[in-house]
Amino acid sequence: MTTALSITKNIHDWLFSTMPEGVASIVEMTLIALVYLGIFSVAGLFLVLMERRVAAWFQLRIGPNRVGFQGLLQTMADALKLLSKELTGTVKADKFLYNLAPYFVIISSLMALAVIPFTKDFHAFDINIGIFFLIAISSIGVIGILLGGWSSNNKFALIGAMRSGVQTISYELSIGLSLLTMVLITETLQLSEIVEVQKNGWLIVQGHIPAIIAFMIFMIAGTAETNRAPFDMAEAESELGAGFHTEYSGMKFAYFFLAEFINMFIIAAIAATVFFGGWLSPFGITESIPLLGVFWFLAKTLTLVFLMMWFRWTFPRLRVDQLLTLEWKYLLPINLVNIVIMAAVVWLNLTINF
Amino acid sequence: MSYFSDIYNGIKTLLTGMRVTGKYFLTSRKGAITQQYPDNRETLKMFDRFRGEVIMPHDEENQHRCTGCQKCEIACPNGTIEIIWDRGIDEETGKKKKKIDQFVYHLSMCTMCGLCIDVCPTDAIEWGQNFENSVYDRAALTRVLNEPGSKLMPGVED
Amino acid sequence: METTTVNSNFKSEKYQINMGPQHPATHGVLNLLLTIDGEIIKKVEPDLGYIHRSIEKMCERDSYQQIVHLTDRMDYLSSNINNEAVCLTVEKALQLAIPERVKVIRTIIGELTRISSHCLWWGVMGMDVGALTTYFYGFRDREMINDIMEETCGARLTMNYNVPGGLMFDIHPNFVKRVKDFIAHFKTKLPEFDTLLTENIIFQKRTKGIGILTREDAISFGASGPVARASGYSCDVRKYHPYSALDRVTFKEALRTEGDTFARYSVRIQEMWESLSIVEQLIDNIPEGEHRVKTNAVIKLPKGEFYQKVETARGELGVYVISTGTKSPYRLKFRSPGFSNLSLLNHIAVGGKIGDLVATMATLDLVIPDIDR
């Protein structure tokens, strides 16, 4: 146990020794929530910066490089600017729902972060239905989008919200089924155990062909789930202006924006955990230093995030009916067949184990 | 069967597209087409013919070449040029002669068509390469091109 | 409003939204009043006039030299070709003999303008269907042409390089070298346009079979340029009424018969290749000679009516002048390609989705100042 990780244990012991058990656990939960909130608002800002730099490099540009060293503080400055901006709204908006919507979106994406294992001991909430919890939580966010689009009383926003609803409901299936394909190998829903199983080889290697198909489906569906191009139907700027958040400004807009990036991180993190062994290092080269698990986890996640950015800056957008065709006529049937293949692979013991 | 070949071909075209952008991503350092404008002011040089603003060059003795013929004023489609002229006495011949008092140039109305410079018989006005014309008061865009106390260069009218 | 009752509680209603005048897909201040049923477009009513500057009326008070610079501000993406159209009309009326050098340079610059206009269109087309990166690749190549123009003409967008009787000044000494560099550069980049966007499965699904315009409709709506040629209507002014040096070059008229959005896209891509070949044929043998014929300081056209048409990047631009023998025209009418091409939008966009409308509108390549004038 390294010192960094024993600090959390020390705090835990100290809290429980000084306070009654009930109070202590509440204090501990609050502390963890605050730490996560802090880390992820910064991480979200970093992802926005990363997106802008990556986009710039794809587009023969330089990207933000003025605020701070190489523009590192650019998004921080943007966030401060958005904080100080006036919150405008439409007169005929349904005020309660209009104000509620951004919190739905941001809270659901922050909740999903709780179950993601960063490394062996850096794991806020290791429940035995981890994957199930993630799938369930990630579909709550769309309620916020629907509320925001409907309540702002703008036709462009309404079209965007409806598109988003139809898209998320469809692609939920693919996300769930492609993860279930992998659960057939791991035989558990608990994320920490899923990673433990991969000590004999990452699942994408263990499950070989069906795992690769499942991974591709997961990435496509995950991109769609986060409403990013080429599936950015909800905010298709050349069609709908800004889509569901047309009428939002200031910090409420920033919540939508930040949630999009945190969702992207979550999708990439799930993919890294389930398919690429989470915190495990390749061939176990740094197994003796558990803290490096965070590094490996983030390296894998950011690589996948980069892949999603690469998609975004290369492909044209699909049309809304093609989006549904892709899901219901291609991804879903392939996924169902894939589950059967995977079941056969596991049953006949054809998985590759080192 | 076309179902699967569609998927295969589709993914192939997507990957070739990603190869193009990926190539530019890797060479982004030298391939950037952005100019970091206010920083590159020293090295930024406009082309000789660039139309930034109309200027009237003066020589060392504060002499210009404008005879006040007003051809530019007539040629201008927007009324950008206004020549305020006077009749002075020519020292050599003692005759009355037209000379300019003020050559007023309203940059805010100029469309940079170049007709005034094209029509000028004595090449008194030409294009300046300055393009940084933002000011806080639009009155600053109305300029008098001939410098105070400037005279007509001798020999221009011949 | 027409309603279809499915159930007493659930009614399906058409609704209207204003697309524009501040909308990313309308490329300027065009307002489209859309009647929509869900996502399906039922009616498109363009609402024009947001950028009307009465250029035709202004022409009635301007001298013929001054009219040229106003045409820069119509279709600003093919400003050189617009300039050429007015100059050709005046020269035709005055029966001026134009030096060969001027004719060749005008053609080269016109074709370069066409390439740069299509480059911009390609970038924006990609952006309208959601691929934002194409915009920058299109602009990278356009930038090279802009530099050529800036060095020779002095401006990047509103050149005003042509004057009645020739060119305002001779080409810059670097011109030939720069154009050759550009040709070599662009020949490696144009195939990339295809791999990045044309062959992309999503792009093809978005554009094929969308916004179909038949040959008969193209003719009856007065479509011209790539829009009409994509429907199989051969109407290239450069082929049928060659002007300047276009009679001595060989090029193929880009023709497609499908008439859908993808056909209009391909026609423009092919036109870039053809324009490149025209420039290549002419750049090595620009004849020596005068760059300008002396005209009177005040040009007075003889009494009568004069018409000249040219092929701009968007289609056929006609200049119709009625002169009473004074220094300004009595009436001047521009037949602009964008106006006719916009008129068929309602015809081809109805029944599609909002995304289809955006893609279709992108291939019509509308420039709003050209429509409103």
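Here are some notes:
Letters are used for the chains, namely A, B and C, taken in the order the chains are written, and counting of residues starts over at 1 for each.
Simple rule for what comes next: a residue touches a chain if its C-beta (ideal position, glycine included) is under 8 Å from a C-beta of that chain, and two chains touch if they have at least 3 such contacts.
Here the structure is a predicted model, which means the values were calculated and not measured.
Central chain (C-alpha centroid nearest the global protein C-alpha centroid): C. Interface comparison, A-B against B-C: more C-beta pairs in contact at B-C. Farthest chain from subunit A, judged by C-alpha centroids: B.
One finds 45 Å separating the Cα centroids of subunit A and subunit C.
Mean C-alpha position of subunit A lies 52 Å from that of subunit B.
Look at where the CA atoms of subunit B average out and do the same for subunit C: the two points lie 26 Å apart.
Residues of subunit B found to touch two or more other chains are 14, 17, 20-21, 24, 33. Counting partners per residue, subunit C has 133, 136-137, 140, 196-197, 200, 202 as the residues that reach two or more other chains. Shown for subunit A are the residues in touch with two or more other chains, namely 58-61, 313-315.
Residue ranges on subunit B touching subunit A, taken from their complex, read 7, 14, 17-18, 20-22, 24-25, 28, 31-34, 36. Considering their complex, residues 9-10, 13-14, 16-17, 19-21, 24, 33, 46-47, 49-51, 71, 75, 77, 111-115, 118-119, 127 of subunit B touch subunit C.
Note for the complex: subunit A touches subunit B at residues 54, 56-62, 310-311, 313-315, 330.
Partner subunit C is touched in their complex by these residues of subunit A: 55, 58-61, 155-156, 159, 229-230, 232, 236-241, 313-322.
The touching residues of subunit C, counted against subunit A in their complex, run 15, 17, 23-25, 39, 126-133, 135-137, 140, 196-197, 200, 202-203, 205-206, 353-356, 358.
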